[in-house]
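Order of writing sets the chain letters: A, B, C and D. Residues in each chain are counted from 1.
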Amino acid sequence: MSWSDVTKDPIDPGAVLARVGRPGDGAVAFFAGVVRDENEGRPVSGMEYEGYDEMARDELAGIVAEAAGRAGTQRIAAVHRLGRLAVGEVSVAIAVSAPHRAEAFAAARYIIEEIKKRLPVWKREHYLDREAEWLEGSLPVERGNRGA
Amino acid sequence: MSWSDVTKDPIDPGAVLARVGRPGDGAVAFFAGVVRDENEGRPVSGMEYEGYDEMARDELAGIVAEAAGRAGTQRIAAVHRLGRLAVGEVSVAIAVSAPHRAEAFAAARYIIEEIKKRLPVWKREHYLDREAEWLEGSLPVERGNRGA
Amino acid sequence: MTETNSGPVDVTVLLFAAHRELVGGARDTIVSLPERATVDTLLARLRARGGGWSQLPRRAAVAVNRRYAGGDTVLAEGDEVALIPPVAGG
Amino acid sequence: MTETNSGPVDVTVLLFAAHRELVGGARDTIVSLPERATVDTLLARLRARGGGWSQLPRRAAVAVNRRYAGGDTVLAEGDEVALIPPVAGG
């Protein structure tokens, strides 16, 4: 069964990878987002992730379920980190196993793209040379009313 | 620097992942091919990979260099296994880190597609219920003469 | 959630990130609204408070009870209404 | 590799996987060819040996000294010529 989480605990890529795979799967795709040491030429010291935790958890589970439906695999694991992260720390990790590679790649890619569009998470970049600031993001498109 | 190998030793995905990444890279993409327990409905007991070792090593290094040029990253690791593999064992693993996710995904995908087109490796599938056989593959397209 | 069919409704408003800082740092605030008020009514009320509140975007993404919802969504007693600034996860 | 400009040339032929089994299991075989023989000349000679050899594909992918090479590639003394069955890595 698929698994997802939004957490303040550090992410271990190996543990995320270990959640997928079964004897009928020939392909494993994995993606990790990592805090960079610079952004548009400015030296970065770290990143602070704020989330609407309860909704982010539901939304991530929804994104994973959509990817599972499209790819025809239930072997998906996705986790997003919150809190203050240092350069080089993993902010998001996604693992998918599937019988063949096209579905595995497509599902991993779908999940990271939807996270960037919809997951209620915000990041404040901390710089070496000036005050921290919230990064510009994407306005989520409404996906049906509350009853939908 | 990029790294590649063709080997009879078991592949450790974590060790391949650990070969990429640097502080300026925000994205890590990874792919692993795994021996499946069935193929077109036939139960499979394992896979035997034969390679033209010396050429395969050169060809994989060439594929990785091409991917590095396209993606603009030197943080690539790729390894292909030879010999007899059990179901669930990793036959190929590819890790790429890059500043952004599009290049990382594209490079990982390019490498596995080119491996399947060009790497001088053959596989003989072993079945539970009948004799092993060589799987059909793709005829490599000649890429320039020997002096090219 | 069942709507009460008489009198005002109280909803909990949640603010995050840049929005939260705009109004001075509180994540939750309770707002009383007339019966059958919509998300858009709520946003207009919040902006009318003046100060940092007036700088909240005129149209924002909103989640009602943790699902994205349109401006014409009618609010009910006890709803959790979150203003969602442009998201930047990953 | 420098070509010798007189007499026959000896090349090492490598066979793999299904090709290797077709001719009875030896990976390497030395073949003597006339001066300026090409890859296609070599393939024709091998097929002419009869038995399993005659079942080698008429046109196969070939690598000369570990690089893919065309049928009109001229062979030189000491070249390593590999017949490459359709590949199936990954």
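Of note:
Here, a residue touches a chain if its C-beta (ideal position, glycine included) is under 8 Å from a C-beta of that chain, and two chains touch if they have at least 3 such contacts.
Note that the coordinates shown come from a computational prediction; the quantities given were computed from them, not determined experimentally.
Common neighbours of chain B and chain D: there are none.
Per-chain CA centroids place chain A at a distance of 25 Å from chain B.
The distance from the centre of chain B to the centre of chain C, each centre being the mean of the chain's C-alpha atoms, comes to 51 Å.
Averaged C-alpha coordinates put the centre of chain C at 75 Å from the centre of chain D. The set of chain A residues touching two or more other chains comprises 33, 112. Shared interface positions of chain C, defined as residues touching 2 or more other chains, are absent.
Each chain pair that touches appears in this list: A-B, A-C, B-D.
Listing the residues of chain C that touch chain A in their complex gives 14, 16-18, 60-61, 63-70, 73, 82, 84-90. Chain A meets chain C in the complex at residues 33, 49-52, 54-56, 58-59, 80, 91-92, 112, 115-124, 134-146, 148. The residues of chain B lying in touch with chain A in their complex are 13-14, 17, 21, 23-38, 87-88, 97, 99, 101, 104-105, 108-109, 112.
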